[in-house]
Structure formats: structure tokens, C-alpha cells
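Take a look at the structures listed below.
In what follows, chain A forms one complex with chain B and a second complex with chain C.
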Partner chain A sequence: MSGAPDFVSTAMTSTLTDPLPMRRADGVWRSAWRRFRRDRAGMVALAIVLAYALLIACTGSGLLARHWQDEVGVPDAPPSFLGAAAPDLPGAAVPASPAASVAANVDISDVDPLAPRYKEWNERAAQYHAQSKPIAATLPFGGDRLGRDVLSKALKGTQISVSVGLLAAIVATLIGASLGALGGFFGGWAGDIVEWLYNVVTSVPEILLFFAFAAVFGRGISTLVLIMGLTGWTGQYRQVRAEFIKHSRRDYVRAAEAIGASAGARMFRHILPNVSHVILVRMSLLVVNFIKAEVILSYLGLGVATDQVSWGTMLLESQSDLILGHWWQLAAATISMAVFVTAFSLMADAWRDALDPKLRGQR
Partner chain B sequence: MFAYLLRRLWQMIPTLLGVVLLVFFLFRKFGVDPAQTLASLNATPREIAEIRAQLGLNEPWWVQLGIFIKGIVTFDWGRSWATNETIAHLLATRLPATLTVTLPILILDTLIAIPIALGLAYARGSLTDRAIMVGTTVALSISFLVYVIVGQYVFGFQLGWFPVQGWSDSTWTNLVVYAPLPVLLAVLVGLSPQTRLYRSFFLDELGHDYVRTARAKGLTEPAVLFHHVLRNALIPILTNVGLALPGILIGSFLIEVYFSIPGIGREVLLAVNRSDYPVIQAVTIYVAMLTMLANLLVDLSYRAVDPRVVLR
Partner chain C sequence: MTALLKVENLQVAFRLHDNDGRSRRVEAVGRGEHGISFDVPANTTVALVGESGSGKSVTAMALVQLLPRNAECSGRVLWRGDDLLRASRAHMQRLRGHEIACVFQDPMSSLNPVLTIGEQIAEPLRKHLLVGRAAARTRAEALLAEVGIPEPKRRLDMYPHQLSGGQQQRVMIAMALACEPQLLIADEPTTALDVTIQRQILELLARLQAQRGLSMLFISHDLGVVGEIAQQVVVMRQGTVRERGTVVELFADPKDAYTKALLACRPRLAERPRRLTVIDDVLADEASGMALPLAMRVPEPDSNPRRADDDDPVVLQVDGLSKSFWLRSGLLGRSEFKAVQDVRFTLRRGHTLGVVGESGSGKTTMGLTLLRLHDAASGPLAGRVLFHGHDLLALAPADRLAMRRRIQIVFQNPYEALNPRFTIGQTLVEPMTIHGIGMDAPSRERRARDWLLRVGLDPEAMHKYPHEFSGGQRQRIAIARSLTLSPDVLVLDEAVAALDVSVQAQVLNLLKDLQDELGLAYIFISHDLAVVRFMADDVMVMKDGRVVEHRRTETLLAHPQEEYTRRLIGAVAQGPASPSPSPAKA
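Moving on to the complex of A and B:
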């Protein structure tokens, strides 16, 4: 259970001395950053996440892995450090039968009615340049069934999977936090309605919601983001609601009310900065959950469209690759995902510790 | 107590009504036309219209909603549109397969995770504790799908310890031959989050006053941990297990799909793909009811475990 963070005492004293609310928020964040910097594991994790962010930016802008769909290698090309595969493929090794090739070369031009036009056609055909690209026997980290570079696919897949997780977490957070703020702050019949909605959504099996929303929005990245956002807001709602209930009864909010602050101002200018770290920590957990959910959804056929690549589709393909002994696609997807998710989780943990020093070292 | 029960049951009705409306309109408004799915690919529009009429899809929506609600009240869901099986029979035949897999998973996960978590709480802050915590973070960052793919490949295909997949009619054969591999993999996946969660429960308890009192009167650390902390931490653990109970009925659909286990999760997936409304509606309502009952049960068990809890 995540504990009750409490910045109210610091917030209150600074309210009395400092008339600018923005400066007050700065103080909390700056001291959190100071604590965060002392956490060595957290800093390493942050560095890894930033490196991923850089790679994603490069991939997204087309600097890297732009041609991930090109067939640059032989099908199932092994990684370069393993060397080229032995040419034992059935079909490739079978020489064409000599009898058949002789029969095909018998000169029949005197009976062939099309014979006079062959020369013209050949000339015309020569005007077109068919370029056959050189096909590599091995690729840096192997190729998939279509001869696409697994490394480029992993880069592109990282970009898609991480952005799906991030965007879905933002959508879920927006829905959950605003409903939670609404229900927690106002209570009464508005709170009852939101609470009812929460009960309904949590009672329906998730997979049914996934399927229903997938039927509405079709397949693709935006669908995934919406599906996960529309079903995954409940945890965030629960937590934000509890925080708003707690804070709306605190003295500093009552004081704000007494000097005439409107409900909106109290919710967003007074309470929100005091609970924003809770929202952020919960959101970082959502990112991890959604990245993992994308993989499962892709496996069930609800994931990204077929002309796109994500960690989920790579794993889906690698299932049949593995039986043939082609492990590199599985390894590429698993490693790139595990490193990112581990670093992100550790960063989120360090972040929580830094924002909430009372819980430090407990979990 | 009786008044409390009555009020809780009464409060379930609006939620259930919400679930009914959500499922009804979500699938009818946006789902694939079931008549289209049931008819063959080259069916004429007239044939599709006839199927629609036969399924009662041409009735006004309130009539269809009325039939749905009547089904809930009488627990008579009719027959599956795709297979013409009665829903009761369909669920009764799929449930054992799901339970054969999900019950061992839940039991093993809980029984293994509690001692590990307790041990970690005892050795909190030590190198072992930190190493295992990092280990669980890494284990958690690997997709369930990877565990399943690699596990099936290594244990089923290469080592040949378990059949790659399959299912039989005998519960015993299923339990000892076909279920172990999916159960093993699911337990492996579930162990990390469970251990972390239970460890945090134990650590939460360690911060309380009664622990200080117990230490002050000279109890050894194991006595404090096993006697006092474990008992008090049972409340959140019980909550966690109780809330997982409805989940074991619908099962892990991923495991069922992957290992071709004819359970409820797979059936739901099939039903959604075929727009088989009676099946979808029945399963949804049952799971919703069970979720609410599990919540009630958890609240009631608080009272049993901790006499200080007052039910309001």
C-alpha cells in the first residue's frame, strides 16, 4: 500500500511567509531532486531511461531504423557473431534438372507467332532498371522471417511500445485523476455517481472491455492507447480520491475557502500541487503495466496494426521462430524491454523515495 | 450484522444495473453484427436478415434488454448462439478446466510468497534482501509472454519434462500431466509481485506501536515476526487473496489460449470473436456478481480476523 505522503506542514508554513504559490511547489520538487541525486541506483536508472529517450527521439525523427521494413538480409539471417547459416535449406540446394532446362531451350522461333516482337520487347524492357539490392547473409543481431534487421525492428518497437505505454498512462491519469478529484472533493451525489462508475468498470472483466473498445476503435496505436486508458484509470482514481478527501478537510484548504477561493481554485491550485507526486508515482507504475499489457494484447490480436512493430508483435513472431532455433528476435525484444522496464521501475521507486522521505528504505 | 448484510446486498443492485447497461450497449452498439458472424461468408442479405430475426436482433432494444434482465433474475441464460449449447452446460463444462489451473496457481503463489516475504522482512536491508528485491524487479520487467514462450520451449520441447500442450477428460490426468507446466510458469510469474507486496505488508506492520511493545518486553525478533506481525499482516494478505478469487473463475485467458486449455477464459475470447451475446452477458454478470460478493466476503472476514473492526 502506498503510504500517505504529507507535505502539508511545509506547505502551510510557506503559505504564511511566501505569497507566491509557484515558489512553494518549486521547493518541494527541488528538495526531492536533491534527495533523488543521492540515490545511486536511481541515478543509474535515470541515465538508462534518458538513453532510451534519446534512442526513441532518434527513431521517431527518422534518424535511426527508418528502413526497418526493408529486406536487407536472407530470411532468418543469423546474427553476425554466429556466422552465416549453412545452406541446408530444402529447395535452395536442389539443382535444376538438366533435362528440363534443355527442353526449355529448344528453338521454336519459326512457329512462335510472337517471335518477331521479342527484340522490341527486350529493348523496351532494357529501359527499366531493376535494381537488386545485395542481400546480407548475416545481420548485426540477426534477421526475421522476411529478412528484416532485428536490431532496427527492436529500435522501432521500443519507440512504439514505450510511446503506447506513456500515452496510455497519460490518458488513464487524466481520466482517473479528474474523476478522483471530482469524487473526493465534492462527495455527495457527484461522488456517488463517480463511485458507481468505478464500481461498474471494476466489476466487468478487463478482457471484455478490451474487446469491446477494440471493436469500437479498430486496430492500431491510438486504439491501444484508448483501450488501456479507458480501462486502466481505476487505480489512479481510487488513490487521487482518497488524497482529495483527506486534503479537502485540512486547515490550509479551509483557510483558502475562508478567503474566498473558488472550488476550482482550491482543487487545482491548492490541493493538486500537494498530491501531484502521488499522481506521478502512480502514473509511472501505469507506464510499466501498460507496456506489459501491450505485449499481451498484441498476442491476442488487439495490438498495433500489422504494418507496425512493437515488442508485442516481435514476441508474437518469435514464438514460431524459436521452434526453428532462431532465438535472436526473442532475445532482442526481451532484452530491450527488460532493460527499459527495470530501469523505469527502479527510477520510479527512487522517485517515490525522494518525493516521500518518510517511506524511505521501507520498500 | 443482518442489517449490514442486507444493505450491502441492496447496494449491489445499482452497480449490477450499470454493468448490464455497459455490456449491453457496448457490444450491441459497437460490436460486430452477430448474424454476419454466424452466417457463412457468402450468405445473402436475406439469409442474414433471417438469422437476425431468429436471434431476436430486430426487436426494439428495450425488449432485448428485458430478455437480458429476465435471464439475470431467473439465472436462465438460454443457449449459445454459436454452438446452441445451454449456457449453464457450457459454463459447467468449462469451469473445471479453468479451476484445475487457477486454483493451484493461487494456492502455490500465496503459500510460497508468504514465507519468502517474511524472511525478507526479517532480513530487511541486508544484502540478501536487496539482491532479491532487485531480482524481483528484473523478473517483473520480463513479459508474461516471454515466460510462457521460453518455458514451453525449454521444459516442454527441449527437455521434454512436460507435454507441450494438451488436455484430457480425466481431471486427474489434467492435474498431473497437463496442468503442471502452465501452473509452474504462472507461479513463477506471480511470485515476484506477490513477494514484493507481502513484504511491504510485513514492513508496514513492523512500524506499528505493538511491535515496539513486543520488542520492549524482550521478545526475540522471530517471535515478534511470526507471532505478532504475521497475524496482523494477514488482514491485507487476506484482502489480496479474496480479491483474486473472482479472477480464478475467469482464469488467465492468456494461459488458456496459449496452452489450448478448454476453460472459461478461452470461451469468453471465442464468444467475443463470434459476438455470442448470451455467453458474453452470462459470464460478465457472473464475474461482476462474484467480484461484489468477494468484496463483501473480504469485509466480513476483516471482522472475523480483527474484532476491533466495526462494520458500518
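Moving on to the complex of A and C:
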């Protein structure tokens, strides 16, 4: 027998309402923040996400990793904590030989027709000096095939990957939430049309859609955002639609209609704030998904342009690095991605718990 | 007579976490040092009566140890000598369903929708009595016959959704009785059911109790129901026992002020007081030692100064109102479901029209149709609604907004009707902004404050959110919101059904005062004839979308013409045979 006695809520409401405190009520968001603060895992996750945000702000403004494309180390420079690579590489012994061969040469300046000009040329050549920077044998977290600093690449890649994920999630949320609100609130033929669109989009395998859009739009960040936004709105749509169907039949919306509130006012002033937590949480899950999708797309060669770096392109490069035993590029990309994605998911989870009015007071 | 169950100084508290992360204890049963004590003797029905938050359900769940994990119990619960609070989990499992059985409020959610009735009744039999499959089925069939379900053999293979609410509750009772328990705990078993069904279930429980010599612990908020079924009553309030006694004593001569007030504030079929007694007033007077005899406080019936006058101007005239809904059938086809058919009535200024009927009778649809709160695509609408001479159903959408102002609605569930993310101030100011009432925002806010005062709330409430208010307070806010538009007609759709009796009395009084003051016309939709009796001048009885009977309240109650009306009147719980027998008993 599984009756659902509601005495717990009764006991709670009675104690909540009995002494009616005369202070101003906390808004929904403020009280959600207070509940969020109690969640220790959520707070740690939030701190990590904020740290990433700070890093991204720094790289975005050029304070950090501006010169990620410079070849500052020897190719495949190992991380500093491992020490320089062993000198048994084939290229290491080459520079000694030219001097020896010059000394052994016979003087042929008498018969050389160009001989009188050598001096002049040497003087002119001396006017140019090739600015060759000293090339480091090791880099803080190693270098890639071209000797670029993996750490700077990871920083820059974080900026690109996260901003792609975030922007795409915003696009998908805008599409999904507005279609969902439309379909859920009005229903009828408007709802049917949106539902057909949804069915068409979901009936095509996602990766094929990615390929199709990428083939049309070409490569680049804006393409990625567009592709993922245009294909990823379906989950958001379903959930927002369901929420709107549920809420549009609730008495407070009917009451708003009775006082003469227009359809728009009911949708956006009354219902939207009540489902905003659902949208927000769904959006943060989308961010995580899109970051992973970007990695896959870049790995497949459909992602960011060749002069840009993202976690995905780093993973793609590290495939060939790995054969040579150069693991650091793979490690840098995966660690920075894993930490961010985990922290972001945990944070989204904590927000869901904090914002859901149904869970209030039960924890 | 020895007590089957003895509750001694029982206390229950819940550990809750508040927003700041501190945990606190909330006392649900018992206050301070004092817990509650009562006995359930063999072959007796004991009722626990109280309003919400009184701790009656928590008490019952504590007896069978079905409380959530954050509950702390102390005291003693002696079941034939064993202390149940200290019993092992295995022992409790053997006891529950076997010796002590429970029936809950909502049969729809208490039955498992994916198992057949037969399987569900057989489960306790096979588990506790170790009966074989075939034998269990035979027993289940006999039980179904005993609780009055026709064609029991066929019903065994049905699923819960194929039965009506009343039949589902009968199945729940059959399940509870399967192992022949000595104690049946019934937690508001009739509250979720229609009035006429309620009556049948009560009669069934009373019959089974007498036939089988059971003890029953009957939990209810309704003193009328309790008066009819119980032999002994325990009145609870805020976790404490206010009074104990036999039903006859308690109803004839209540000792406790709260019990007196609770008895007095119920609207009755037999009389129509000017105002209802309000519990808080009685308790306050009692405390200050100025208690008047209750009889002096409640004016004589029909000393009502405001007589509904037939010369009052007509506000609303409804003629042949019909509303249907399209139901999908097949792939593209649709069939018509007639929810309201050919309703006609005239409503005058300051009058109240009561609309009664069971669920599904179309009374709520009728109310919503008057306000045109149905989607036009949902189904055809016919008839005329003349409001000050304009046909509301023929109005262009642009004119509708102006008319909408004049008819307002208050919904049943005060927990649903207010937007949880709006402050009370926003809720009250919004309608005025939409209709351009008041010059500017500050003047609208001033008006909103005035309305809050008028409905008996502190204007400080402006800055709070709905969750900070109790049910009664929220209903006052909902009423204030409709009144901000100065309507002529207010549709009250079961507006007091979700409220406790004491709060219900306050809200009903408020509605009467507002009607006298503002000359409002009410359409009062309710399933409770006693409340309608208190409020309405005329009553319209609806059944299956049609008006069955429509007459003056007094005439209708005294001489009901239709069988259905008589059934409805007979279903109103009156308490034990009262000193002044009402016409309903006829």
C-alpha cells in the first residue's frame, strides 16, 4: 500500500505560516542562491567554473596566450619537468660539419670569376641579421610538432571551445524555448507545425546533420555555433513545451486571463519566470554537450578553422604525437576539458536542486 | 472493555533544514513536554478530528511506523501489550496489513495502475496468510462481493483505471480487510470522493465495522462525517488533544472552546445564519474571560437584513447556454462531448446563485464559459449571455476586454491561483494596469493596499510572495485581485472547498460583507449543499451538463422535486441525530 500522506508538507506549511515574519520576502533567485550555497560540491564546481571564466577573460583580452602560434621551443619539446630530450636525435650532430669542410677547401679565388665580389657580398650580408630567437629545449608543459607551447594552446583552446559551447547553447535555447513556448501555449495547428519540424529534425541522425550543415557553411567558429544551435534545440523544445502545456492550464494563468492579460503577457510575464529554472538548467547541460560535440567535430575535421586552436584540434594533432610517445598535448587538452565539463555538470546539477521549488525544504 | 491500542504521550517531530543550512525540529504532534494520549477499544470506531496541521495524519502514520525518515517519535504506542515504536522492522511488516490495515485518501494514487484488482487484493493474502494462488483468488472475489462491487468475478481482472473513484475506494477497503485485521486506520477515506459516493463509502465502512467487530481509527477534518460514523471522538488542534469523549456527549455538550467553535462555524442545512461563527473570535473571547453563550452570538436564522429583492436590477441573463468539447476519435475524426447544455438563469444585483452538482456535472465548465475562458478551438459554444444588455458571446475581441473586467472569477485552489513568482503587490496591480484603472503606479499601489485592508490583510503583504501565506490568506488575496477591477459579477468556483472549516467560515463571512457593501452578484459553484445554503438565494442543481432543478434555496431544500436533488441533500453529513431534525433527513 503506497498512500501518499501529505502530512509532511502540512506540518511544514503550518510552521512556515504561523509566525508570519514581517521582513521583506526573498526573491526566488535569492533564496535559490541560499540553497545553492549549502551544496558543497556545487560551490566547489562553481569556483572552478569561475576560475575558467577568469582564464577565458584573460585569453580573450590578450593578457594570456596571445602568442600561442609562436614556435618557441624545439619541435615536440618535452615538458620542463621531464628535462630536455636525449641528444641521440639524428639532427643534433649536424651543425659541426660545415666548418670542417670549409677548412679543407682549396683556394680557387684566382680562377673564380666571382671572387672580387665576395667581399662586397659579405659586407652586404652582414647588414642583415636574422633575428633568430633562442629556441627552448623544454617548455612548461611541452611543445607540439612545430614547437608551439602546449600550455598556451590549451589556454587558447579553452577560450574557443567554451565560447563555442556557450554561444551554441544560447542559440539552441533561444530556438528551443521560443518554439516550445509557442507550441505548448497555443497548441492547435501552430503546435502541430512546430511538432512536425521537431520530428523532421530528430529523425535525421545528428552527425549527418552536422556534416550537412558543415558542407554548406564551411569551417569556422560561427559555423560551429550555427550548426550546433540549429541541431541541438530539440531537447530544450520538448521540455519547454511540456512545461508550457502544464502551466497554461494552471489556475494562476487562467486567473491572469480572467483579468484580461493578453496571450503574450501570460506567456512571458506569467509562465516564463515559472519555467525559467528548467530552461536555465537545460541550457547548462547543452553547454556541456556542445563542448563535447565541438571536440568531436574538430576531431573529424569539421570544426574550427586551421589557424585556430580548440580542444578538438589539439586532440586531432595528438593522435600522431602519440605514436612518437609525445603524450603532453593529449594530456593538456583532456585534463582541461575533463575538469571544466565535470565542474560545469556538477554546478548545473546543484542549480537544478536549488531552483526546483518542489525540492524546497526537503534537504 | 480493554483497549486494543493504547497511545501514551506520543510525540512526533520532524527534522527540517531551513534556508541557512541550520536544521531545526518541527513539532508535528505534542507540544513541549506534553504528547497526546488516547485509546482505541475493541469493536469501536474512534475518530481523530482536526484541521490541517493538527497532526492527525502524522499520529496515524506514527502508529504503523510509516513516517518518513526525518521523523522522531517518542512516547508509547501499545498494541496488545507490544510497544510499536520500539518494534523491529520485520515485526512491523508482519503487523501491517495483517493485524493493522490502512485505507488512504486518494484511491487513484493508492492503487498500482499496472496490476489488476485481483492481483492487488491477493498480495496481502499470499504474503501474510500464505494462501495459494487459486484460494487467494476465491477470497478476493468474496471480498469484492462483501464491499459491494457488482460482478466481482469479472472485476478481478480489471485494472484500477477501469473502475470509478468510489469503486476504487471499495477495492482499497477490500484489500485492507483481506487478512481480517483487528484495526482499520482510515485516513480521510471519503475526502477525495463525490458527496453521494462519500455517503455510500461511509455506510459501507460502518456496516463492515459492525459485522466484523473491527476497531477503526477514522481520521477526518469533517465533524459532520465523524458524528455519523464514530462512537468516540478525539479533537486535535496544533498537535495537541483538545477534547476526548463519546460522540453524543461531544456534540450535545462540548466542553472545550475550540470544539464548541468548530461545531458552531459549520454551515448547516437546517438554518441560515446571518454570519458564521469564527473560531478565532470565540477563542479570543474565551481567553479574555468574556465568553458569551454561542447561541447569543449567532443570530437567529432568517434575521437577515439584506433580503434578496426581486426588484433588484438584472445584471446577467443567460439563455440556452451550451458548450461542447471536441474529442479526438480515430485518425482525423472528432466527436462532440456536450459538457453544458441549455443552461438558463437570471442573476440580479446583490443576489447569489448557487450551482451544485457532482464532479463532471458541468458546473465549473459553465462558470468558465461565462468568462469565455475556454479556447475557441476546444469546441462549439451556443446561447446568449446578456450582460447589461450586451451579448457577451457575440462581442468582438476588442470589446471583450472591457467586458471581461466586469465578470471576475475566484478559483478553488488558493495554492494554484496566484503566480508564485509575483509579489502580492504585482499580482494586485497587474489587472489595474491592464485596464488602465488609476492614474499611475503609485495610485494603483494605494488602491491595492486599500483592497488588502478590505479583505482583512496587512498592507505589508504587498512585498511578499504567495508561499508565505496560508490557504485562507491566499484566497483573500485572490478575492482582492478580482475586486480591483470593480466587477459586477463574481464567479466563485468552489472558492472555499480547499479551506479548513474555520477559515472557510471567515472567507464566507467576508464574501457576504463584500456583497452587502458593493452589491456584487455571485455565482457560487459548490458541491457542498450546506455552504450553498448559507450563501445562495437561488440554487441550480446540475447533472450531466443539464440543469435538473432551479428554485429558491429554501424551497429546494424543503421540497426537493427531483430524485437527484434528494440524493444530494441526503448525502450532506449532519453529525449525530441532531436535536432539530433537518428536512434533509426525510
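Just so we're on the same page, the second predicted complex is superposed on the first by the 292 of 363 C-alpha atoms of A that agree within 3 Å, B and C clash if a C-alpha of one lies under 4 Å from a C-alpha of the other, contacts with A are read in each partner's own complex, and residues count from 1 in each chain.
Simple rule for what comes next: a residue touches a chain if its C-beta (ideal position, glycine included) is under 8 Å from a C-beta of that chain, and two chains touch if they have at least 3 such contacts.
Note that the structure is predicted; figures quoted are calculated from it, not measured.
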item	value
Partner chain(s) touched by A:Leu285 [first = chain B, second = chain C, both, neither]	neither
Chain B versus chain C as contact partner of A:Arg38, first or second or both or neither	second
Partner chain in contact with A:Thr202 - chain B first, chain C second, else both or neither	first
First, second, both or neither for A:Ala348, with chain B first and chain C second	neither
Partner chain in contact with A:Asn274 - chain B first, chain C second, else both or neither	second
Partner chain in contact with A:Val194 - chain B first, chain C second, else both or neither	neither
Contacts of A:Ala65 with chain B and chain C, given as first, second, both or neither	neither
Intersection of chain A interface sets (partners chain B, chain C)	1, 3, 361, 363
Residue ranges of chain A in contact with chain B within the complex	1, 3, 196-197, 199-205, 207-209, 211-213, 215-216, 288, 292, 295-296, 299-300, 311-312, 315-316, 318-319, 322-323, 330, 334, 337-342, 345-346, 349, 361-363
Chain B residues within the chain A interface of the complex	14-16, 18-19, 22-23, 26-27, 30-32, 125, 137-138, 140-146, 149-150, 153, 157, 196, 199-201, 203-204, 207, 236, 250, 253-254, 257, 265, 268-269, 272, 280, 283-284, 287-288, 291-292
Interfacial residue positions of chain C with respect to chain A in the complex	14, 16-21, 26, 28, 52-53, 55, 57-58, 61, 66, 68, 97, 102, 104-106, 109-110, 112, 175-176, 187, 238, 368, 371, 373, 375, 377, 401, 404-405, 408-409, 411-413, 416-423, 430-431, 434-435, 460, 463-465, 467-470, 473, 478, 481-482, 485
Residues on chain A engaged by chain C in the complex (per definition of touch)	1-8, 10-17, 20, 22, 24-28, 31, 34-35, 37-38, 187-188, 250-252, 254-261, 265, 270, 273-274, 357, 361, 363
